[in-house]
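There are two complexes below, and they share chain A, which is joined by chain B in the first and by chain C in the second.
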Partner chain A sequence: MKEWIPLFVVLPLAGAFIIPVAGSVWKSTGRVVTPLLMLFLTVFSLLFFSFKPQVMVYYVGGWEPIDGIPVGIHFVVDGLSVLMLAIINVIAFAASFYSLSYMHRFTGDRYFYTLFCLMVAGMNGVVITGDLFNLFVFLEIAVISSYALVAFGIEKAELEASFKYQVLGGVASLLILLGIAVIYWQTQTLNLADISVVLQEAGNHKTLVFVQMLFIAGFGLKAAMIPFHAWLPDAHPSAPAPISAMLSGVLIKAVGVYSIMRLFFNMFAISYEISMLIVIIGTVSMVGGVFLAIGQWDFKRLLAYHSISQMGYVVVGIGMGMVILSVNGDQRIATLAITGGLFHMVNHAIFKSLLFLNSGALEYRTGTRMLREMGGVADQMPITSASTLSASMAISGIPPFNGFFSKLLIIIAAVAGGFYLIAVLAVVVSFITLASFMKAHRYAFSGIPKFKGKNMLKEVPFTMGLSMVFLASMCLGLSLLVIPFLRDLVLAPAVDALMNMLHYSQHIHGYTL
Partner chain B sequence: MFMSELHIVIFLPVIAGILLFLLPERVFTLKGVLSVLVAAVCLIFSFILYFETAATGTLNLGKEFFKDGSLLNTLLKQTESFAAMHTDNLSKLIVLFVGLFTLIVSVYSTGYLFPKIRPRHYFSYFLITAGCANGAVLADHMLLFIFFWGIMGLTLYKLIKGHTSISASTAKKTFIMIGASDGIMILGIAVIMHLGFPLSISAMDIHTGSFAGVAAFLCLAAGAFTKAGAFPFHTWVPDYASYAPASSSAFLPASLDKLLGIYFLARLCNSMFVLNDWLTLLMLFAGVGTIIIGVMMALMQKDYKRLLGYHAVSQVGYMVTGFALGTPLGIAGGLFHLINNALYKSGLFLAAGHVERLTGRHTIDDLGGLSKVMPVTFFSVFVFSLAISGVPPLNGFASKWLIYQGIIEFGEGPGLANQLWVVWLALAIIGSALTLASFIKFISGIFLGHTKSIYRSVRGKDMLYCLPQAVLAIICIIFGVFASNWVIPGIIQKVSGDFAYPGIWESSTVSVLVMISIFAGLTIYWLMRGRGFRVDKAFVLGETQDHKTGGYPSGEYYKTITGNQVIRMIYRGAEKKYFDIYDIARETVLGISKRLSWLHSGILPVYLIWIIAGLLVMLIIFM
Partner chain C sequence: MILYILCFILFLVGLFGAITRRNVIKIVLGICIMEYSLNLLLILIGYMEDGVSPIVVKGGESNFVDPLPQAMVITVIVIGLATTAMLLAIAIRLYKKHGTFDIRQIKNLKG
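Entry: the complex of A and B
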């Protein structure tokens, strides 16, 4: 199976080249190729769940290690990568299928599909690469295509948002690059496993702390953690809806949170101070994001702020696990916290993408993103209304939807681990989340219609509706991951990959202490 | 046994509800008839369940249908580990009444819900609610309990149609309050796990000596209070009652939410936790506070559905008081009052819905003299009003009597809460008197006096409306007349434990005496007819009442209360929602939000400075 790992990068990359070329002959190339490609990748990534205990390594170009020292680029697929691949490709499939109808409003849709494929290639690359510099390259592929996609509407607001996003994203990239340079200077290697081995021998010192700060700031910006979040509320709402879904649903996870997890668990040695810092940043984001969200009247902007808040939950969950591991606390609580964090990440990918698709559906029919200008669409748009409700319930943590269970795990882990304040804050943030989504429902779906053309209102086209129903049913279905059997299948390998910190380098490097 | 009563009362309504989503809204009546059938089946099985012995076990989800070791088999097996169920006399009794109200309200809803106020998929959510209520009551695993409990919040939200901006806001407020309380309960569960207790409701026995124990109790009690509508988490109830369809109000805030909230409170106070003195004091305070605040607000209402909403709050106070006492007498009183209140309060909402449906008016002042055109409804409302006001020999009196006796008996104890028994007793009795006052307003304003001319043509004898009300009224009478010789020993004491019945009160004897005195009064009236009477003008509120306008201006009855400066200020504040916990929280959150938004100016250099500053702060701390 491991020979096929590069397909995750090769296929979307190939798609990105074929679409503009063939698209000049047959205009529908992108519309046909992209969803099929994403469907294939979805199935392909789900297949990998059946090989759970293995860490699979693919040597790019056949550059095998010499004397145990890696010389080429490795693609590594372990439990965490499989989970990320599944999230990325499932959401990409839903978003591309949704785009078939949605992107009719835009001209030049083949460039859209080109950039879309490029972004997916970049994200898939980030999560399977075992090389630090290669990670940076894939990260840039993903974010640069996202800069272009944010500006896809080429109106004033979109261009402004994209410009801000580029400048701030550029700063983050610089910080990351600087960090990589320092790492390379210190360790003379760029292979994650190899760096980990060298660092274990070298021990902890000031330069390393500096690099960790750079990475927290850089990847923190990509993950939109407060105070590095300022680009997100402009960029995510400005993109076309399926792209917003991709950005909020997967991009911030794949290039931001995933990188933080991978580097801090598997490359650096966990320290108590850094873990606490991550918990604090997560908590601030969780609380700050939701307070900012509830005041918004632009539906997509409200959703964007919620992304900050919800990613806060994820980071808090994982950070609490790190803290407990760093002080050699109860392994079970650490497992619970990390499971909660990862579970919430999966759930957030589903419900937030769905919410952005819903916001697109509302905009598609009512012509506005402002909540106060909509109203009363529930009867004419039952599918949009019902799927929005399930996503809102999921994000607010109402049973039987998936968000309830992941928040439950995080809160239980917080109390069990002694993070009482975080537990209380998580609950309070959960109320405010519920309140802000109730506000959205009250203004968008209930009440009296206020927008133009309300008499011609009808449900969205088929492909948009189907994508939303697909994700909405996943909001319910993923609740089952709380059952131990499915949890062991899907989440536990990823949790193990993080918990057994040294296993990653040992397996790839063959190094044992 | 694979299929048991438990499966039917939980899964049948839920599955039927989900299947009803598939039927189009056009066939509403068909959906209604199907729901009535499902509800009837459930009620029958609740009856069978009621006479079975108490048991603890796991719910069989059908793993036998799949090969051992297969995927679905493993899944179901592991799901079953959460599906611990426990039936005892309390839960069986509650399930029985859930079944009864589901049937009665489903019959009523079929006739009542006309398209303009009909929420989408009403019967689907209705049946899911019923199934989840049974699930929550029968669940033994805390997580399963909170799962069912949480779904009921969502269905409550879906049973109000947000077609106007005010009803949409009400739906929003309701769900935010209910959802928030569920979140607090999760925190309570987390604390219980942290304390090392198994999450089994029947096996829990937590002492509230430690801070963590108190915190867990308060978190869970907040959930029960919000569901039942007790002070200070009651504020959604009057709003919901005003703007939701009457059938939804009768179903959830008046009956099922009360049954569930108080059921859980009973479990909390009397089996899961051992309350310390301060918590008992707090609970009693909340109880009598709820009684007085609810009834004082009810006195001033002009909208009759809102008036009922405040009474739905006020009555909860008696139950909270009863369960807080913790003695068998108090528990019996609280439980009996819970059932009685659900009976007459849902009946009152059904009657209010009937009045609203026929007249289209919301305020008492617009109505008058409807007793002639709606005789059955008038009779039922008359019974319900006397019952809720605690007039013997009706059921409301019987349960309040137990609570009063319970308080007096409680006063013999040594604690601070015990020493204050006079306060609790006095406030409870005053609350009862004020309830009577506000129901005089309700009945005389809507039903008494001459029929207003515009309502003379009203046809108020539709079976679908009248039958449910009449059934409830008759149950109220039966539960009152046979309280001391059948209902309390036969039903209530099975749950609360035995106690010596206090005083010489004997409900059937008293009922006979009451009947005799009424009969004697009627005889005297009949004998004296035409002699010794003179007909004169009626005086109401110091003014002559004109026969032609019809009705009584009962909206003005208690206006003089606001003559007092302080009370007037409190009422004004309440009208502006200064005391509403929801509005206080809302203003706070939006205030913070505004401040934070101000920082997000959209200016790029500012954002850059944040990043640099963030990085610098981290570097300074860690380097």
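Entry: the complex of A and C
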């Protein structure tokens, strides 16, 4: 099976090449190829769940390690990578299927599909690579195509948002590169597993703290954690709706939070101070994001601020696990916290993408994003209304939906681990989230219909509706992941990959302490 | 050591430029300066006293400079090309829409 790992990068890259070339002959190439490609990758990534306990390593170009020293680039698929691959490709499939109808309004849609495939290739690459510099290259592929996609509308707002995103994203990339350069200087290697081994042998070094700070700033900028969040509320709403769904749903996770998790758990040895810093950043994002969100009247902007807040939950969950591990606390609580964080990441990918697709559907029919200019949409667009309702309940943590269970896990872990303030804040933030989505529903969906007679709204086209229904059913379906059997199948391998920090390098490097 | 510190200062100069300048083009230049300082740093990391270029010949010298940072720099240059091209393309579009490069007059969105 491991011979097939590169397909995750090769197929979307090939798609990105074929679409503009063949698109000049047959116009619908992009529209046909992209969803099929994403469907194939979705099925393919879900297949990997069946080989759960293994870590699979693929040597790119056949460069096998010489005397245990890795010389080429490794692609590594372990539990965490499989989980991320599944999220990325499922959301990419839903978003590409949705774009079939949605992108009719834009010209040049083959360039859209080209960039879309490139972005997916970059994200898949970030998730499966086992090489630090290769991670940077794939990260740049993903973010540069996202810069272009944010500016796809080429109006004033889009251009400005894209410029801001590029400047901050560029600074972040260079901070990451500086960190990589210093790591290479210290360890003379770029392989994650090898670096981890060298760092263990060398012991704690002062420059490591500097590198960790650089990585927190760099990947924190990519993940839009609160001191670094300024670009997100502009960039995410300005993109076309399926791209907003991809950016908020998976890009900030794949290039931001995933990289932080992979590097800090599997490469560096966790230290208490750094873990506390991550918890604090997460908490500030969680609380700050929601307070910035509640005053918004632009639906997509409101969703963008909620992304910051919900990613705060994820980072808090992961961070609490790190703190407990760093002080050798109770393993079970650490497992619970990390499970909660990862589970919330999966759930957030689903419901936030769905909400952005819903906002796109509203904009498609009403022509506006401002909540006050809508009204009484519920009767005229029942599918959009119902799926938005289920996503809103999921994000605010109403019981039968998936968001409830992941937040519950995080709160239980916070109480058990002695982080009482975080537990209280998580509950309060959840209530404020509920309030802000009740506001959205009150103004957009219920109330007096503003579109009557000739302006009467129709339901969105078939492909948009189907994507939304698919994701809405996943909002309900994923709550089944709390059942032990499914949890062991999906979440537990990912949690194990993080909990057994040294296992990663031992497996790849064959190194034993 | 002084060279490494100068590289880092160059990086900070670029960062300062990217953050404080008001002209779109100068911001782009700031980012370029940051990138070049990193290229320089990478090359310096691979440098060895009296090193020769890393081409293996039978019976030749073995005091090579480290080739890996050089490969990295080439990749970074290519990525930098893409980033700069993208930034300048957006800058040109911004100029066409607003008729100015001053970000104080372009600022409509507030994050």
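Quick note on the criterion: the second predicted complex is superposed on the first by the 507 of 513 C-alpha atoms of A that agree within 3 Å, B and C clash if a C-alpha of one lies under 4 Å from a C-alpha of the other, contacts with A are read in each partner's own complex, and residues count from 1 in each chain.
Throughout what follows, a residue touches a chain if its C-beta (ideal position, glycine included) is under 8 Å from a C-beta of that chain, and two chains touch if they have at least 3 such contacts.
No experiment lies behind these values; they were computed from the predicted model shown.
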After lining up the shared chain so the two structures overlap, which partner does A:Leu190 touch, if you call chain B first and chain C second: first, second, both or neither? second
Looking at A:Ala416 after the superposition, I want to know if it touches chain B, chain C, both of them or none. Which is it: first, second, both, neither? first
In the overlay, answer first, second, both or neither for which of chain B and chain C A:Phe462 touches. neither
Which holds for A:Leu486: it touches chain B only (first), chain C only (second), both, or neither? first
Between chain B and chain C, whom does A:Pro233 touch in the aligned arrangement: first, second, both, or neither? both
Per the contact definition in the header, classify A:Tyr272: touching chain B only (first), chain C only (second), both, or neither. neither
With both complexes overlaid on chain A, does A:Leu178 touch chain B (first), chain C (second), both or neither? second
Just to be sure I follow: which residues of chain A are touched by chain B in one complex and then by chain C in the other one? 163-164, 167, 171, 230-231, 233-234
Given the complex, residues on chain C that touch chain A span 11, 15, 18, 24, 27, 31, 34-35, 38, 41-42, 45, 66, 68-69, 72, 75-76, 79, 82-83, 86-87, 90-91, 93-94, 97-98, 106-109, 111
In the complex, go through chain A and note every residue touching chain B. 163-164, 167-168, 171-172, 175, 206, 209-210, 213-214, 216-217, 221, 227-228, 230-231, 233-234, 273-274, 277, 288, 291-292, 294-295, 376, 378-379, 382, 393, 396-400, 404, 407-408, 411-412, 414-416, 423-424, 427, 430-432, 434-435, 438-439, 441-442, 445-448, 480, 483-486
Touching residues of chain B toward chain A in the complex: what are they? 74-75, 78-79, 120, 143, 146-148, 150-151, 153-154, 162-165, 167-169, 171-172, 175-176, 179-180, 182-184, 186-187, 189-191, 193-194, 586, 589-590, 592-594, 596-597, 600, 602, 604, 606-608, 610-611, 613-615, 618-619, 621-623
Show me the residue ranges of chain A that touch chain C in the complex, using the header's touch definition. 133, 137, 140, 144, 147-148, 151, 154-157, 159-164, 166-167, 170-171, 173-174, 177-178, 181, 184-185, 188, 190, 229-234
